[in-house]
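Each of the two complexes below includes chain A, the first together with chain B, the second together with chain C.
Presenting the complex of A and B:
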């Protein structure tokens, strides 16, 4: 039952039931699910907003609904379809991705969520030559952090899935065939040196075992253009590292190929956080480059536009309801027009402006 | 011992009456010569013609306009000086000469005389029984009292602030009387009209393009940045700068607020579309230039009262501030080099 005051909210918390009539309305993700599904997935500013408002409210928008529709209709027997969300900076690609992943988690899929692939290609403090492959480099910190979050999200599956071959970590440690995948994850978390290889193993296993009969796998990558772009990391002789020389990136690229079935790959291409790209680029072709485009081709592009009038209205009402807009002029009609003009209906810009009102 | 001439104490050079007359004759003859040289009719040769001719014959690259060669009537060039005010026998002409400020006191005397005239007329009317309060009043709108400098110019004599204030107070007292219209002509001599500023704005007429949509253009400049803006009617508030959306061209909120100001002031936030081209300057200068260009473009869509209010809000004034030049001996325009004791 919706009270007339809260026209912009909907009590429907299951994304599977969201339809066109819910476009522009906010739905709340129950706090328990926030912790399990999105330990690291949400954008930083949104996490701050959750802490301030004490609730995680996401707006239902057309691109996310489109994605969820495709996911519902997708046939598990076919090879996995790749969806690419693209749009200008701050239009809500990451949040749409999270919306779709929330839906997948409620449908009991296995979620492989990489919150920001750009974090893996820049600002790495420790780079080690890989033990498995001499030419490649490892990133122990990022890998272990990611494994911990992965464990939180998919506890259930880690006990179900079994390894298909034996993996030797070092002279004394190895994992037998047939052990639950959780052991590999624990191994990676415990032995930070082998964390990147553990990630590689996990990805390989999941891909190999994602058949129509068993679980369904969804891979959500934010900032997939980082995998084919350039890195800011250097080797000891001060030469730039190619992304393919990083273990994590190499394994992730294998996941992006569509030679497995029973799942989907949702990716966003974003300029925020990417290195060496001009700020005006937002189309997939520009951001992925030739290599990336060929690797991801064919894919389904989904464009994420700025707020429509209705969406802007509902976002404004939401901020007012949460007492976020304190300025007396913000409550007037002219104030609303001013906000519309200044933010040009861009969600991120609106959020930043209202932050100090 | 010879007494040296103290040149400064003698005061400014005094021009005699004959000297001025001779200069006027020379000026007129020179004017006719100039007209002949330029091929114009000597009889109808105006001061503007003289200025043009001089600028053509003596081109000057100086920036200061007052330093360029000038040919004007001697009355405008030589400062007005008081003629000698006493006769051969040493007796002054004017009866108030020994007050020291003779022209000022004679003016006050005349004005007070007018004041007494009006009072006498008033008493006369009262005696006849024709006294009425609602007579024609002097029209004071659109004019202002003379300033002190103008009064000094007329009296050819320096006046103090106190004297000026007393004079204006006397005139105000006269205006307070009901029958002041009798001396209206005398009073109007001391008033100057105010120019209405907003009439100086050139308002371009609205133009219509193919789809019968009204649009208008404006130009603006601010500190090396120039902008041309085209404002279209029946829009939704979209703004394009150099082909890019304004959110991307001006990531800073302050610049977007500058863009918003003209529309917000006229309450037309979502009604117009705008495209503009801007070059030069920095981020803030470009925003200011576009703001001026939009304000000028919006003039065609707006009533006269709103034009006046826009002018008073400062939307139509070009900002004269430019980068100050660096001086030799200093590091920047104002910053001096670090002071060393030795």
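Presenting the complex of A and C:
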């Protein structure tokens, strides 16, 4: 039966062609693109859903369409605009970010995606003092993992972009001027000790060479409030480490400034993975603090609300189509009203409730 | 808080929403009498597991209560919900990857799998220890429905707690055991069959039972 399917699905797989008529409908990302564009980008529950349903379907929603509209109209000659997605817990900020990044990848931009900045400021198993700067600390595991995933996403750019100066890694290892950026990434992956410095070099090169004539760069950071908050990591004398003392955070903060042209910075502020923040805080001012707000100011805030009635209906129909709502009472009107009440139209809550029904 | 012992004139609480939606004109005589009684008599406190939700299931609530340790119902309920979720994920994944001919056969509903697995684990006949002439004999005896349900649930829980690898989560162990019991395989079914064989072997002592 084709007509019920038409309500909640759309065959338009290119986010550039999504318009207001597609709001509330699900579009499928082809499996090949899922592997290249999002090797580490998608939230964990969404990855489980992709594995279960055998397809990656994302709902088209207003915040993501707004973002994509701004990205299309932005002038590459002007300094990069910073967009901040904010909203209550579980309203779909990370997936809106992934929708926008999918659009950017199809428009052939260079994607720099940090899936969760909170993972860099907590629970680090190996913390080494940095070889480049005496006061800073390195995180070899996180850096090498991120470099591997970065290489998967941007293979062809790594061969095109050349380094602009010589980098010396140790007594016998160095990278000449004019070598492709892929070599820096390989060096970081192979020599885990220098991985954090390799990440810093990559970020510096990409920012310096992102001019209006060459490639366009989009930086997508999930949980940007981690860069200006507090860490749970301690030094050997049991004193807390400030985020500015971590190499990764220090280099990423430099990317967040709007002193470069030809790209955009899309960030999410989230309480979900953050440390020492109250669970009721969701506005950018509360989560970023004074330091972070001043660093990101001026930015374009994009609010991500919970599901509207049409979006809830569409999500419910999608779950029924994929055989996810199995309880016989879930197919009745009473069951649907109860699902609406229990989840209060929150996407994450609805997903968790339908998981066991 | 629900007391353990109530005076007999206390009435039970009514959670079902349909009862309260009937307009006053369409009530039968018994329902009118019951409503008038509710105006005069006190009502017992509702137990914590009682909901007016359409998704509530008494068998699942009983299983949650049996899994609960130290009164931690939140943890027991979360284990059961994760079990249902993992069972459903495995089955739905199989469903979407199977060709169209085999799709009808795969059962995806975790509640039907749970009920069917419990049915398959219930023993038909049990053994009772009776003393005759100084010795104790294991005598086969019929079991009530509640006893059979209790034994099936108890075997499932103890089997998952004791006989599995210690590093797997309880919900994983339970989901594996329930899916095996659904197709009549696994250690709990084996234990049920062993009980039946023992009862068959001891059928000579059946007349030691005098009730």
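The rule we apply is simple: the second predicted complex is superposed on the first by the 351 of 357 C-alpha atoms of A that agree within 3 Å, B and C clash if a C-alpha of one lies under 4 Å from a C-alpha of the other, contacts with A are read in each partner's own complex, and residues count from 1 in each chain.
In this section, a contact is a pair of C-beta atoms (placed from the backbone, for glycine too) under 8 Å apart; a residue touches a chain by one contact, two chains touch by 3 or more.
Owing to the predicted nature of the structure, the values given are computational and were not obtained by experimental measurement.
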- Message: Per the contact definition in the header, classify A:357: touching chain B only (first), chain C only (second), both, or neither.
- Response: second
- In the overlay, answer first, second, both or neither for which of chain B and chain C A:349 touches. first
- Regarding the shared-chain residue A:334, is it in contact with chain B (first), chain C (second), both, or neither? both
- Message: Counting residues of chain A touched by each partner, does chain B or chain C come out ahead?
- Response: C
- Of the two partner chains, chain B (first) and chain C (second), which one does A:280 touch, if any: first, second, both, or neither? first
- Query: Between chain B (first) and chain C (second), which, if any, makes contact with A:240: first, second, both or neither?
  - Reply: neither
- Check the residue A:52 against both partner chains and state whether it touches chain B (first), chain C (second), both, or neither. second
- Using the superposition on A, tell me which residues of chain A are in contact with chain B and, in the other complex, with chain C. 334, 338
- Message: So in the complex, the part of chain C that touches chain A is made up of which residues?
- Response: 53-55, 80-82, 84-85, 88-89, 92-93, 95-97, 108-111
- Query: In their shared complex, at which residues does chain B touch chain A?
  - Reply: 237, 239, 244-248, 253, 256-257, 260, 263-264, 267, 269-270
- In the complex, the residues of chain A that touch chain C are 48, 51-54, 322-324, 326-330, 332, 334-335, 338, 355-357
- Message: Can you tell me which positions in chain A touch chain B when the two form their complex?
- Response: 88, 279-280, 334, 337-338, 340-344, 346, 349, 353
